[in-house]
Every structure is written in structure tokens, then in C-alpha cells.
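Following are the structures in question.
In what comes next, chain A is part of two complexes: it sits with chain B in the first one and with chain C in the second one.
Right, the complex of A and B next:
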């Protein structure tokens, strides 16, 4: 007889949350950063430093607006320079946030719950930094809205065959969806903060932000569906954004830019640098705010492994770009290969290879992945490496292309540096404010990591079985069984989302077709007026945008939010619904409702307390 | 006592007839098509290359999923680890099936004939340095040595896990799988350059390797869904395979359909927009003279229709309905390879007898090999601690 009882223990994986926490301690620990702890000297000092750096950016921008892009180092042939390098770099960093949130939610990876919030915040601030540069680069930033298709007195429309127009749609969709995703994720936590704080005006602010959220099971049901749909839409959106950025280069025929691997290779590079930024922020934050219980070694190690994996996809890109460049035998492409290695920027190309390929290989060792100091240094190294990569792609390809007579050199000016370094200050200053003002870790999602409350589900089932139909249940976090128990099975969010997406996509395609073939047909490079391959990008982006917004607004409208006042809020104990207690409500409008009988029935459920709610 | 003792872990008798029939079909159709090798060698070898790439894709795709599973874990992989390993065990057999390609090279690769390349100086250089007959065969040997080596490492470690006591070999599997995936990605790309991309030398597309990689994964996961639909009727799969895992496999199919569409569309858009004579000709060959219908067919049936179907949650949880999509996708994978490879040889679209016979012949042999392999080991890696956890949850 085989002895199977002796099971060797599984691998010792670090837990996602340190032991000894319950719903209450999680709530207290995270909300205390925002509400209770005094502003520390370290925070003030750090914020001030960032704020000073931010002033440098404002100085640069002011000068830029007064004098024009001549204050930059851009010239002909290098028309793109730092502005586009920084744009691509920042938007790449903005990828990890939504990626962590959305993909890991879909993959049911519960370890995401403690890092998604600040990763999403990071995304937003990075996208804000990124979005500035193309607008400055327009030369006349105050008319940036010309990029959008709107009926105007100039009688012109955008050219939807240009990747630069796709970029406008991709980046603004990404910014909007990321913002909505982030905000929707915070609504239940705003409700928690609203109940915890003592100060009236703070209560007012968080109360408004919470839109009257009251943790009802019906609300949770719609909320969960909307959040999941948003995640499902955001995942392809993340990939599409850097894909469209790569099209800015690959659609043209400049040697070194025109290569088909650019989309996945840019996306991998973006995730690579995005996770590096996550670690650069997470390592100090968990240390200074003592969040080691929630951001554990497991999070840090997993992020390091994602960097290793995406780093190898980037390496694959370098390798096959170089190999096929030789194999294909194009003279100009061959020159790019030569020029990168032996031209005036060769040092930076080699530095990029060292930073991106060579040094991160130490991540193969577990000891390095678990050492916070070295991991921080490697993440910094990757951030530098990825910036250099964009610099090499933009500058080295442009400075020597087809004609010897149009060769040139690029020298960034002081203003170039001021604006670039300044965005770093802007980004970190925003992060400092975020850490102080908003719950930096998702409180309600951390609650779901703890064992669930079965008592309330049972009580709800009994209430439903007793014949009550106009009932609701309240819990500090979503419990699927709970809304099933009160007889709420179909929430209607998904059809709204589908309808919105279809309308958005169809509308976008028709709009592009009408603009570029009927209203404003312009022959550009001999391409057909009706260029369906080119129209797919904006169609895709608008499908996601309208689908996502429909899901969120549909959820809010069906939940009857915003509704800042609700009679239930008059019950003092009800504040605990946002913390660690569960409630069941039977509405007076129920057919079976009778003040005395219902009270007696509720007594049989053994509650802590029963309250009558005056309307 | 553990619940595992009650389970019958041998491959069910129900798969024996499949094995026999597959062998019969493989041998009979194979012999029939062999006649064509002598009467119409060109058409025979072109079709052979496509069929070979199609079935090799499933073997290698199984290895990719196995390594991904070892790196990430998850019940979706624990249940189908043995079906995946049976696919990995066919890789050596694909090396045998490669011999006819090496033997019939001159019928497939135009660059072997100096007269064909003389007009292009770069091609002359290339056929002296990289695209040479000996280089081609030498590199093929290297690819297969690496793939067989990887499969041997994975399978032998798995075999040691079939003996008690229960132990956790995941760290050792991970040491193989991490570098293994990188090795796979690089070698398969070089292989695809040699075997397929060189048909239109010196045309290049740097995303070409990725398109094949996701294609192989899509074919493999579709095949696994077919296998699990057969096995779910019998123990142990009737006990351990839950709608949740089938749902996960359906999601993987959906993911790889989307990735395939993403990569293929990116390649089209970048090439179309650049419109360079050296690149766009690859597409113009494949978008006129009847080929455009094959292309349209791919857009609709390799992407749009299966994509829309797989969005449905009930479909992904129902193996009977999911398997129809899976069978369809295997056929669509073949269409994609056909469009990609045969587009080099034929000005206009038509189908010949070898195009139909050879995928069936190779498929018969491959499926026979696969189910034979499935019998070599218990259907669940019993002494892996993941399996123990799984069985405990089943027992509850």
C-alpha cells in the first residue's frame, strides 16, 4: 500500500498579506495614513524638493510658450528630439498601472489587491506627463483641440490615415479609461473615509467623492460587473496604446523605424519600464509608511520576474531586428545598424544595451530579487536604459537617413533638460499628494483577502425565504453569495457596456469614412480615401472608450448614484457597514412588512442590533 | 488513504480505437500521397511543408504551455499537464518527419538554384553565407537537438515524479522552463526564417516569428480542448476537470486568437502604410487572383467568428460546444499556413490533391503518436503536490 499521507509541504511562498489582520485593522492602518497621522517632516521635505524641481519645468514651459520651440535643440533633420523621447518614455511607464490592475484582476491574482491603487495613480500621473510633450511639440499648444474632429469654420478635418491622429485618440482614451478605472476603484474606500473622519469638511469632501455609496449588495453586484468589464476593456487598451505609439515610427519608412516587430516590442518595453517604476516607488513607500504587511516580498519578487520576462522580449526585439536587418540586405537599414554601433551616438547605444540587456540579468538570482536595495538600483538602471532606447530610436534614425546632404546632429538645450527633469518633479509631487490625500492601498479589496462572513449570507437567505422581497444587504466588500441570496441575479450592466461599445465603434468608423472620403478627401501618398486598415485603430479605441464609459455610467445610474443622502445614514451603527459589520434592511414598502412581525422575525436572525429607519 | 487511490489513472480504453484509426488513416493516406511525390514532386513537397509546420506547431505549442504552467502554476495546467506532455513527447517524431523536407529541399526552396538568385546581388551573397543547403540542414539539426533536449529534460523530470513519495519539483521545473521559453522563442524564430520566410527571400518581417509562436500556442490549446473533451467521459478527468478549468482553456483560446489578430494586423498595417516595393509584394501576391478570398476567410474565421463566439461565458464552460470552436481553429490554423506558404508558389488560388491528403496523412501519424504517448504515463502526475491539492478539493 502506497503511503500518500506524507505530503511534503508546498513551496514556501511569501504571503500576500501578513497574518493577524482583520477587517478593522486593515481599515485603520490604511486610512490612518490619510486621516490620522500628522504630516511628517520627511513628507514635507520630499514634497518641497519635488515642488522646486517642478518650478524648473514651469520655467522651461514659460520660456517655450514665449519664444517657441526654437528654445529646444530640435532642428532639421532631428525634428522630434526630447519631446517625443520623453513622451514615449512616460507613456511606457504609464503602462504598468493599468496592466497590474486589469490583467491581474482578470487572472484572479489576488496579490494585485495591495499594489493596484498606487500603480493606477502612477499611470495617471505618467500619462499626464506624457501628454504634455506632444502638445508642446505642436508649436502652438493653445490650439491643440484642432486635433479632434469637430465641425469648424476652417472647413478642415483631421487625416485619419496618420498615426499622429491615432495617437490623439489612443492616449486620450487611455487617460480617460485609466482615470475612470482608478476613481471607480476608490468609491467604496471614499465611503469608508467619509465614515471614519471626525472633521466635518473632510467628511463633506469624501462624502461627495463617494457619491453616496452605501455598500448595498445590489450596488456591489453592478459594481463588480462594471469593474470586471472595465478591466476586460482596459487590457487590450493598454496593449493598443503603446502599439499606436510604435506606429508613429513604424508607419513611416525611415530606416530603423519601419519594422513590423515594433508593436509587441514597444509594448514589452513599456511594461518593462512600467514595472521598474512600480518598484522604484513601492520599495521606499512600503518602508516609510510601514506597509510591509500589505506590500510583501511576494509583490516585489513577482514584479522583478515580470521585468525579467519583458526584458527578454525586448532582447528578442533587438536580436531579430539586427539579424533580419542583415538578412534583408537593405542598404539604408544596413547603414542604421552600422551607424548605431559606430556613429556619433555609439556610446549611448552601448549604454542602452548595457542598461537594458546586460545588468538586469542579475534578476535571475533569487537573492537579488529579494534584496530591496539592489532591486531598487536595477529598476533605476532599467528606467535609464529605456529612456536611452527611445533616444536612440528617435535621434539616431533621424540624424542620418537617406541623404548625406541632410545629415545632422542633435544637442539638447538647457530648456530640454529643464522640462524633462521638471516632469520628474511633477510626477513625484503628484505621488506625494496622492499618498497623503487618498487611500493608497485599496481597503475594500484587501478585505476580500480575509475569510468571508457566512453569517450574513445565511441571514439574507433566511430573510428571502421568509417571503420578504424588498430587502437589501450591506457588507464592507463584495460578496457574490450575498446578492444571490437576496434574489438579485441579473444586473444589466453588461448589455449596456456592449451596446455602448458597438455604438462607439460603428460611429467612429462611419465618422472616419465620411470625413476622409466624402467631406474632406485629400490625397496623401496616393493612399485610398477609404483606407480601412488605417481606420481600424480609431474604431478600436472608440469601442473601448464608449464601452468603458457606458459600463461605468450605466452602473452609477442603475445604482441611483450619486445620492449623497439616504435615510440609512441616520442610523449611527450603519457607518460600520463601510468597516467590518454586515446589515440587512427590509423596506417598509414590502408587501409582507409589518412593524411588529418584521421586528420579531429579525430577532430570530440574532442580530447585534435592530433599528427602525425613519424616512 | 487519499482519494487518488480510488481513481483509475490509466488512459481510458476509449482512446484505443482513436489510436488505431489514426494509424490506419495516416498509413493509407500517407502511402496514397507518396505516389504523388513521384508524379508531382513540387506540389507534394509544398503541401508537405505546410502539413509539417501545422503539426509541428501543436507539438511545440504544447511545450510552451507546459513551460508556462511550470512557471506560473494554476489548476488550468495541473489538470492537463499529462495531455500537454504527451504532445511534447511527439517532438522527436517531428524530427523524423523533417527528413523528407531535407530530402526534397530543391523542390521547395528556390534559392538553392543559383539561376534563380543571380539577378539580385544581395541574394547571391546570402545564398553563399546563410541560406546554403548545408547550413539549412545543420541549423535544422540544432533546432531539433534543442527542442528534443528541452522535451527530454521536462519529461524525465516528470517521470521521476511518478514514483512516491509526493514531492514538490516545481523549483526544478522552473529552472528548466524559464530559460527554456527563451530558447524556444529564439530557435523557433530562426527555424521559421529558414523553413518558411526564406521562401520569399530576401523579404523580411520582424514580427513573423511572433505570428508563428502565437499560432502554435493557439493550435496547441485548441488541440488540448479536443483531447480533454474526449477524456472527460472517463476517470480521472470526469472527476477533476471542472467547468472552471475548461473556461480557463477557452479564455486562453480567446487570448491567442486576439494576439494572432493583433500581430497579423500590425504586420499588414505597417507594410501597407510603408508600401515599399521590397515588402508590399509579399501582400500583393496574397491579396489578388483569388487569394483575397483566403485572406478574407482568415479575417472572418480565424478571428471574427471564433472571437465573437468565445466572448460567451456559457460556451467557454461547455466542453461540447467549445470543442467545435477548437476543431474549427485547428483547420483555420492550417488555412493561415496555407495562405502564408502556398502564396509563394501559386499566382492564383487553387487547391491540389496533396494539399488535402498530406495534412491528413501527417495528422493521422501525429495523432496516433500522441495517443500512444498518452498511455505511457498516468493521466495525472499523482505525486506532484499540486495534484494532491487538486484531489483534496475534488474529494471535499
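Right, the complex of A and C next:
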């Protein structure tokens, strides 16, 4: 296997992990941030600042709830102001996390293993920030649950032919799957933290969260399948989310919105800003927590190159939009192009082009990609640029309506700013808490980057060959050969996932069909009641949601988790299974089991120690 | 290291399935609560300035609905009678009853009695009494057995699904126009057949279907369209 702590001859890149690490040092280094290091003054100060900013948001929200959306600067013709700009911006930022954790996993990019955890956390907090805005935008946020199909007293259902309803399903599925993906990824690391900490109540907390994970090869087998399936489901999901967000605009007939290029252009923009946020977080985090060994120059450089690539897709989007405005020959579309360049918001359009197109071109230079300070500044610049892009799309398209009599300008109020900046505080405060309370780098996935232990696989094979069948093996990270060696070939997670996905998809389609043709056929714009193209989105989202949840819960149930108590935990050395040691267990229920003979057999495997496990 | 007791395994699993059940129960409870009289005030009598009894005036004495609710046949509003309507009788009978003091005061001062509205639809609903009366919807179909209500209460939940229940299938409630104000009207059945327009009906749906045609009811698609009620 390729040693990832080294670079190949001629390769002009830093290694994925600094050399000189073993399973133990990785474990200690990452877990010490959570368990050993004292809370630094810098952390407290940073958290307090974010917390204070967060209060500003709460103030804004409170005022909004009591007084209504009149506290914002939105007014006809600009009905979508900061709320929608911020929604799209935040959800876009979230996309990088899923891209790193899911798409790069499928593409076997091993460098993702050290940044996926906090990128997923970033996704989750960004989706939380994003999810708030459409709800505030409802005007009556407390009845947000009307967006979901439930047997309500109105006898009425959400309009499944509206992109705004698709959005509800896309974003809530995305939030749920991201949360599950994040949590499942952390289960083995919780087990590690459970064994390392000395404090009893902390042991309890991580012990509960770990669900009794004990690194069994059978468990790993199901776990790996479930994780891979989740990644496979999350990949089309993440592409669908920003596609659906772009439909909110593209399905409308507003010039500047009604564009078929929006879906790919939005997805690229999302990943562009998402990687900018990854770098804005990764650069200071690796510095303050001395994680340069795991988040190496390679990660930073790769992220910068992803930004450069997606930046050009976005540039293509801008160019194509402008071209179609001219080529389409529509007078209103033509005006969009004129108005962006010469209208009252021209400065912001040019600022957007500068931030998103011009400045990031310095990333062509390797020296810039490797300079943390400048890369940080460019990432900030891209975040600002992408925010401006959404501002231009939302506000500049709306402020010139078809008739001169309904032209207007948008002036954000203090409350608009309070809520927007407040979400930045919320996001960073969550990140601060995350860094302190949870393993910010996936420990077990880092272990897989090191050369694998062959000894335990061989020992397992010999145990199986000796005729023992009721056996299990334990390793600090998944080893495919290990579960094959103990004769565990079919884990049954995939069929459960397939079944769940099919049920979810069929159920969602039947529900929409029943609602629109039988329960309450409402004539909307003369479209057919059974308009299947409109039902695709929700059907797709529910397939992903139910498939993903079935894979995870199927994995947990088949593994018999949660099982916080297990006889194996009585063996003191077994704690090392979550760190750097490997174990083979032969159960007393095995037909060939005999206390003395089995012990003798185990001696032939040359173990460090042999323990008899009391039941 | 063994942190948890053996029983934790059972507790952990039970708490997860228990939490799922609990969430399910809470959702079910919310659905039920929204339809309960606590929210809808169905069958809850409202206090009034004068404890006016429909049971007495309609059931016992037999006054027709339209004697007081004069505009019900040709207006969206059924009409609340002026104090004068009360005084038509009460200037002759029950002169000394203390219960009626607010009525006499109102008559003397010219200040209206302020009744507490019972069947109160939201302001975003456009409702017209006359169309319902003229298409053969009986008073008590929506208002319930008013002739048996000592104090007025609303019979239905007044929620949209309650309106839709009839709008989706009007035939099941229609009756001949001359029976609209009949508080003790019974739908035709094999035991009590109804003779209407020279035809004997033993089944409500058959009668309803004929009335839908005869009274020119709009289609179900029309009367369940959004803008029929939300204008």
C-alpha cells in the first residue's frame, strides 16, 4: 500500500500526513484538544465575541417576531431581500462539507480524511443558519410546519408543483442526512474518547454517544457499507440541493432569474464559496491547535485548486448569462445586462466581478496557494464575492420591474444587518464549541492512512482455518481483509438501504399523486393534476432521506447497538482496541471451544496477552 | 473499561424506541388537539348579555328562523334582530322579568345589545348565507339542533376541512328548499321515504343527486376552488 506520509519521487506536493506518526500519536494528538488541553484564553475570548454577536441576532429575531417583516428593508418590488440572499449564501457554503465528505470519499481522495470532520460540522452549522432565513421570511414563522404535508385542519396540502416546496424537502433532507453522516462518522471516535478520558462523567457522555461501539470487525463491515452508501446518497443530494435552490429563481419569470444555466452555475458557486469557508476555518484552526501534521500544505493547496476550478465554472456562468441576455433578443433580458453594468447597483456588480473573477486568479501561482495569509485573504474575498453574487441576483433582478411605475430601491435596515451578522456569530460560536467538545479531525479515518497491520489479519485467518467459527476480531479502524478473514462476507446493509430508498421514493410519489388527483385537485395555472415532472424533486429527496436513514439505522440495529455494556469491556487491555491494538475473540459458544485447548491455540498466534472474558 | 451497568443495554434500546413512540404520540396528540373543542369551541356555549334560549323560542314556541334572522334568504349575513324585534312580544309578556332588563334598557336608550358572536368565521373567508339557503342546505346542517340549544353554541369546528367536507360532496346534505328551515327534518330512508316532485326517495344520495341538478349547483371543482371562499 502507498505510504501517504511520503511523497512520490517527482511529486511537487506536500504529503497527506507528516511522517513519524503512528496510530497512538494520531489518537493522542487529536483527542488532547478535547480532553487534555486547558481552555485557552484565546478560545474564551473568541467564543465570547461570537456569543455577543449572536445576541445581536437574537435581538433582531425577537423584534422580527413581534413586529413582522416590516422591520426589514423589503418592499415591493423587492420582496426578497437579505433573507433570501443570506439563505442562498449560507446553504452554498454548506456544500463544500458534503463534497469533501461524500464526493471525495467516492473518488478515493485520501486527503479528505483529515478535513472531512470539521467540514461536515461547517456544513451542519451553515445549513442551520441557512434554514433560519426562509422561516423568518415566512412572515408568520410560528406556522412553518404548514410547509409539510400533514393531516391539517384546512384539509389542504402544500403545493407540490412549487419550487418553494421542493426547497423545503431538499433543505430538510440535506440537513438530516448531513447530521446523520456527521454523527455516524464520529461514533468510533467517541469510543476512542470514552477510553482515553479519566473523568467519569465525561466517560459517561462519550460512552452514551459511542452507543457501545467496540470496533468489532462485523460492526466495521456494516459500518463501512453504511458509510459508503450514505456517501453515495449524499453525492446526488448535495448536487440537488443547490439545483433546487436555483429553481426558486429559475422557475420564476423575472428577467435575471429565468435561466436554464442556473442549476450548474449555482452548484459550482456553492462549492466555490464552500471551499473558501473551509480554508477560512482550516488555516487558523491548524495553526492554533498545531494540526499542521494532519492538515498539511497539500490539503490547503488542493482546496485552493478546487476554488480556482469552480471559480472558472462560475465565470463561465456569468459569461453565458450575459451572452444569453444579448442572444435571446428579449428586451427585458437585455435590460438586465444593461442595468447590472450601468444601473444604480453597478458598483456592486463590478465589485462582485472583481472579488469572484479577478482577484482569485492569483491562485494560479503556487506561492500564493502555499501562503497561508494570502490564501486566507483570498478566501475571505471569495466569500464576500459570493455574497454579492446572490445580492445581485436577488435585488438587482427585482428592483427594476417590468413597468417603470414599479421600479424601486432596496435599503437594508439595521435589523437586516443584525440578523445577517448575527448568523455569522452563531456559526462561529458553534464552530468554537465543536472544536472543544468533539474530535475535530476524524481519528479513525486518519489511522487508515497509515500502513495496515497485516499480523491481525493473518491471526484471524489462522483462527478461522483452525475450525473456529464463532469468532470476532477488533481493530481501531476498518480493515476489509479482517472481516473477510473471520468469514463475514455478507452484511445485509445494502438491501435495507435499497428497500428504505424504494419505500421513501414510492411513498413520496404516491403521496403527491394522491394529494393532487384525489384528495384535493386544485387547478394551478391549468397544469395537469398529475404533473409528474413536478413530482420528481420531492420523490428524489425522499428516496435519499429514507435510503440514508435506513442504511444508518439498519447498520445500528444489525450491529445490536446501542450496547453500552459488553463483557469485553471488563478486560482492561481491551480499551486499546480503540487506540492502536488488535484483538481476536473466540466465543465460548463455539463448538470447538475448550478452555485449555483454545488457550494453547491462541498461544501459537504469538499474542501480547490472552484474557479470559467473564460473561 | 466497563463504564455502564448490564441493564444499560436494555435501557438504551428502550429509551430510543420509547422516544420514537413518544414523538409519534405527541404528533398524534397535536393533531387531535387542533380539532378539540378547546381550540374550536364546538359545543361550548358562549356567555351572552341576555341568556337567550333558542330551545324556548324555536323549539317550544315555534318561531321561524326568519322572524329574527330576516336577511338570511337574500344576503350574505343572516341578520341579528334589532331590540324592536324582541320587544314585539316582550312589551306584552314577561314585563317584570329581571333577566330581560338589558333588553328593555336597550330599547329605552336606543343602544344595541352586544351579543357575543358564536359562529365566527375568519375574516379571510367569504361566506354567503343566501346561496346556501337557496341551494337547499338546511339551517341545522351547519348550525346543529338550534331548537335544542338553551344557550347558543357552534355545532361544527368551523375549520376549513369542515367546510370542505360538504363542498366536496354536496349531495349528501341537500334537501328540498321548503324543508330548509325545518329543524326536525330527517333525510329520506327506507323507513321514512320522502315524496318530492312526484318521486319517492328512500336514499339521500339519490335525492341529493337530483337536487344538485335541479338547483344548478356548480361543479365540485368550482366550489372547492380557492377563490370561491377566499376572494
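We take it that the second predicted complex is superposed on the first by the 605 of 615 C-alpha atoms of A that agree within 3 Å, B and C clash if a C-alpha of one lies under 4 Å from a C-alpha of the other, contacts with A are read in each partner's own complex, and residues count from 1 in each chain.
As a working rule, contacts are C-beta pairs under 8 Å (C-beta built on N, C-alpha and C of every residue); 3 or more make two chains touch, one makes a residue touch a chain.
Just so you know, these numbers come straight off a predicted model, no measurement behind them.
In this overlay on chain A, chain B fits alongside chain C without clashing. Once the two complexes are overlaid on the shared chain, A:239 sits against chain B while remaining clear of chain C. In the superposition on chain A, A:261 makes contact with chain B only, not with chain C. In the superposed model, A:319 lies in contact with chain B only, and not with chain C.
In the superposition on chain A, A:329 contacts chain B only, with no contact to chain C.
For chain A, the partner touching the most residues, choosing from chain B and chain C, is B. After overlaying the two complexes on the shared chain, residue contacts for A:38 are found with neither chain B nor chain C. Look at A:204: by the touch rule set out above, it reaches chain C but stays clear of chain B. Within the superposed three-chain model, A:251 lies in touch with chain B and out of touch with chain C [touch as defined at top]. Nearest C-alpha atoms belonging to chain B and chain C sit 21 Å apart in the superposition, given in whole angstrom. Those residues of chain B lying in contact with chain A across their complex are 1-2, 4-5, 122-123, 125-126, 130, 164-168, 170-171, 178, 182, 185-186, 189, 193, 201-210, 258, 262-263, 265-276, 278, 385, 388-389.
Taken together, the chain A residues at the contact with chain B in this complex read 2-11, 161, 236, 239, 243, 247, 250-253, 258-264, 312, 316-317, 319-321, 324-325, 327-330, 364, 525, 527, 533-534, 536. Interface of chain A with chain C (complex): residues 150-156, 194-195, 203-204, 207-208, 211-212, 520-523, 562-565, 569-570, 572, 575.
Only residues 1-9, 12-13, 16, 31, 34-35, 157, 159-161, 164-165, 221, 224-226 of chain C touch chain A when the two sit together in their complex.
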